[in-house]
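Each of the next two complexes has chain A plus one more chain, namely chain B in the first and chain C in the second.
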Partner chain A sequence: MKFYLSYFKLRFITSLQYKTSALAGISTQLFFGIVYVMVYLAFYNSNSSNGPMKLPDLVTYLWLGQAFYSLFYMYYKDPEILDLIKNGNMAYELIRPKNIYFMWFCKILSQRLATVILRFLPVIIVGFLLPNPYGLSLPYSLSNFMLFLITLAISTLLMTAIITLYHVIFLNLLNEKGIVNIFSTVADILSGSTIPIPFFPIFLQKIAYILPFRYIIDLPFRIYSNNINILNGINQMIIQIIWFILILIIGCAVMKKNLKKIVVQGG
Partner chain B sequence: MSFIEVNNISKTFKVSVRQSGLKNAVKSFFKRNYKYVEAVKDISFKVEKGEIVGYIGPNGAGKSTTIKILSGILIPSSGTCKINKMTPWEHRKEYVKKIGVVFGQRSQLWWDIPAEDTFDLLKDVYDINEEEYQKTKKDLIEKLNLKDIIHMPVRQLSLGQRMRCEIAASLLHSPEILFLDEPTIGLDATSKKIVREFVKKINKEKKVTVILTTHDMSDIEALAKRIILIGKGRILYDGYLRKLKNKYDNNKYINIITNDKLTIKHKGIISKEKTKDGYNIIIDSKIINLSDFLNLISKKIKIEDVEVENENIDNIIVSLYKEYEI
Partner chain C sequence: MKLYIKTLKMHIKATLEYKASFIISFLSQILVFFSYYFIILSLFDKFGNIKGFTLYEVLLCFSIIQFGFSFCETFIRGIDQFDKLIIKGDFDRLLIRPQNILIQVICYDLDLVKMSRLVQSLIVLVIALINLNIEWTILKLLTLILMLLSAIAIFFGIFLLAAAFCFLTVQGLEVRNLFTDGGKHIAQYPIGVFNKGFVLFFTVIIPYAFVNYYPLLYVLGKSNNTFYVLTPLIVFIYLIPCFIIFNKGAKRYQSVGN
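On to the complex of A and B.
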């Protein structure tokens, strides 16, 4: 446990060195937030029948999406892990007395947390400061907010488990691009990060609700504004936890299998 | 039972092969050709606690593969290996706590931050308690002369400075066995000397067993009494370096510069090679002594210049490689 904490600390220290990147990230997120909100506003104004989500709920969803973008976008590839697979530094990874799966899980988790910690707050604050209907609303109730925080924490774990899984699959595929790009695009869309899931056509909604990806973004963000109420939220949280455990187990198993036939690249 | 016991280890790799060029690249996209490469074949040896063993062989002989098997990274295709009563790849997590590995061509230090931060992380990786960690760290800093470089970001270190930090990083958890895979590659004379003296010291003081691969024979001469020579995946020689030296010690390398053609056959001449402006000849001075030999040839040809060189370890290895045709 202590190792994971100090690993996180180190990652955090390292990412603090990249202030410009954080500033650039914040301004990108603000820009995209405003653009998204305006697009949906135009869409709601021109259409007399209401969309599938109430406007303030939707705007809140969009702002939360921007604030936590660096935590939840599914295209993430850990450069350090990919490097060590490609250039053979995997050898050093394997001489550590730790479970490799959890080491990677922790690497990815700390990298993503370290990035988001520097970025989410300014976006949230700007979101709150913006006037109606552009701005971020307060949570629907305290219990919604609490459940939002809990499901957000679990979705962080779920996201990490999914991302770790595809890094584990890389282990025996030298060129990761093709398979992972397809996978991460699907995951990203079905998590609800580009378009909220209620806006999907019905058949795609059905698919999205079956798969684990929506539990990453869709669930916590809609709980926040009570678009999913507390009772449903708790039920879905249980499914979210089950998905997390399941993907964790799959990841561990694949890692075990891949380590058996590992080839360390280069002399 | 010996400390390290390796029995009949073999490792086969499946390698995809293709000729260069676009056409072949496209072809191999649809149908890939594989070749099975036997990196090591039927390797067996024993090492006692506290020994320093030099593991040598030409490029591609299987040295690094052996080190990787011994350190639990690769699983051999067949064979058994017991080190300190453990099988490296089966008890990996437990086993690696007891070993330190330095891969000369790789880095375990974080590129962007000072080496000391990596050390602190390794402390938690290996669950070293604070007091012991501080003691070991201080000791390593002193012995490897790291005081001035440990606080600099690793990317700003020279290769030699970095290598010393790498070695320190591999020894923070006070391992019982140290595997060094080409630790002096690319280092200058001073850094080499520091590294060698350090390895000697920890072997003596802490009874650390060291297995070392290198292409620099002076490393071996300075450190190892025993060598294992490997070529094309097989062990060719396992024994004392001294014995090997004695065997070849009488060899003299003679470089003759002449315009004449030399035909000579005599007992004691090991090899004769034509060069651009003369000949390279190796003789066994026990059978034919140097002055006799020079007498003999000076009768036959006009010698413009002659250079005589004694046997050195590099030449021994070259002649060994020749003898075993590797």
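On to the complex of A and C.
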């Protein structure tokens, strides 16, 4: 455990170095936040009765989405891990007397946390400062806020487990780009990051509620504004935890299986 | 031009050598594109209209801007990825050759996979046009063609400006994405539905409104102002300073060494 913690710390500090790119990221997120809010406002102004979410709830959801965008977008690929297989450095990885799955898990987790820590606060602050229809609202209640933080932490773990899983699954593919893209597009839509799940057509909503992806974004963000109330929130949090453990186990198992077949490509 | 077509053929041949990976990437692009489409479809499913514009009217708007962007992404990829050219030092090699530098940069790379987006945007365009009962006149047809051309021009201009900045900063400018991706996102919808300040910004500073708002009004018959037919041409005026800045940058270029 101590090993993984220090590995995490090392990776985390390295990733904190990219400050200019964080600045660019923040401005992008702010811009997109305003654009999304304006698009939805225009829709609500044209036909306000048909919105499946209350406008302030929706705007809050959109701002949270922008603030935590760098943590939760599903297109994340770790070039270093993917290159390991192509350039043969996988051999070094195999020599280490540690569990490769958890090393990768820590690597991805630290990278994503480091990126988001540099970026989320300015977006949240600007969100709060904006005037009424455009801005981020305060959490519905203190207990909502607490549950939001807890589910957010679990969804970070769940996201990492899912992303580590597809790095593991595609271990034996030399050209993974296309397949990973297909997978991550589907995951991205079903997590509710492109549009909130209540806006989906009914049949897609059903699919989204069955799959694990919505527990990453949809659940915590809607708990924040009490769009999902505390009681439902706690119930769904339990499912969220179960998904996390399940995907973790699957990831470890697939890793074990794939490592047996692995071919180290020269180097 | 001849040179460009020749390199184009070369790039196509090179890509087709890896068939399986090409097909998978092509499919994944279709899916990515579908996710944009999905947003618009679901929102219209719930709301029906956006400030009086219907689904197909917005799709027309959307497909035109997507067409321009994917055209630039496919055929002038070299400028799109200009920072790589500079960092790798390949730009120095191009400078030695006795050809126009801009043409060489354009020829540098071609991304055939992105072509799928181009095809899709055209499909959406056709779907939108079939479902919109537009009474066609020659002027309206001309407007539509000008819109498509100006959509290419606007992204070409932005790419060119961003590339010019690479001479200064060496690294690619991430802020560029604000103007391409962000602008693209806004221009998917008729710009007039947004706030006044936004409309002004995207009319005067980055002229998206001239690409697919004012001319769109004319094509859809929402306005009879014939002046709107010519508004896409204004975008081409914006291209001139972009060219000048790029050429100035190229003259001042100091190699990064390699």
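Methods note: the second predicted complex is superposed on the first by the 264 of 267 C-alpha atoms of A that agree within 3 Å, B and C clash if a C-alpha of one lies under 4 Å from a C-alpha of the other, contacts with A are read in each partner's own complex, and residues count from 1 in each chain.
As a working rule, contacts are C-beta pairs under 8 Å (C-beta built on N, C-alpha and C of every residue); 3 or more make two chains touch, one makes a residue touch a chain.
Being a predicted model, the structure only gives us computed values, none of them experimental.
Enquirer: I'd like to know which partner A:A91 touches here: chain B for first, chain C for second, both or neither.
Expert: It touches chain B, and chain C stays clear.
Enquirer: Regarding the shared-chain residue A:D218, is it in contact with chain B (first), chain C (second), both, or neither?
Expert: In the superposition, A:D218 contacts neither chain B nor chain C.
Enquirer: With the two structures laid over each other on chain A, which partner does A:N99 touch: chain B (first), chain C (second), both, or neither?
Expert: first
Enquirer: With both complexes superposed on chain A, which partner does A:N181 reach: first (chain B), second (chain C), both or neither?
Expert: The answer is second: A:N181 touches chain C but not chain B.
Enquirer: Is A:N50 in contact with chain B, with chain C, with both, or with neither (first, second, both, neither)?
Expert: second
Enquirer: Thinking of the overlay built on chain A, is A:T28 touched by chain B (first), by chain C (second), by both, or by neither?
Expert: Once the two structures are laid over each other on A, A:T28 reaches chain C alone.
Enquirer: State whether A:F3 touches chain B only (first), chain C only (second), both chains, or neither.
Expert: A:F3 contacts chain B only, not chain C.
Enquirer: Would you mind checking which one, chain B or chain C, touches more residues on chain A?
Expert: Of the two chains, more chain A residues are contacted by C.
Enquirer: Could you please specify the touching residues of chain A with respect to chain C in the complex?
Expert: Listed in rising order, the residues are 21, 24-25, 27-28, 31-32, 35, 38-39, 42-47, 50-52, 175, 177-179, 181-182, 185-186, 188-189, 194-195, 199-201.
Enquirer: Would you mind writing out the residues of chain B in touch with chain A in their complex?
Expert: Residues of chain B touching chain A: 13, 64, 68, 71-75, 92-94, 96-97, 99, 101, 103, 105-108, 110, 112-113, 117, 120-121, 124-127.
Enquirer: Please output the residues of chain C touching chain A within their complex, sorted ascending.
Expert: The touching residues are 18, 20-21, 24-29, 31-32, 34-35, 38-39, 42-43, 45-52, 173-175, 177-178, 182, 185-186, 189, 193-195, 198.
Enquirer: Given the complex with chain B, which residues does chain A contribute to the contact?
Expert: Residues 2-3, 5-7, 10, 13-14, 17, 87-92, 94-99, 260, 262-264, 266-267.
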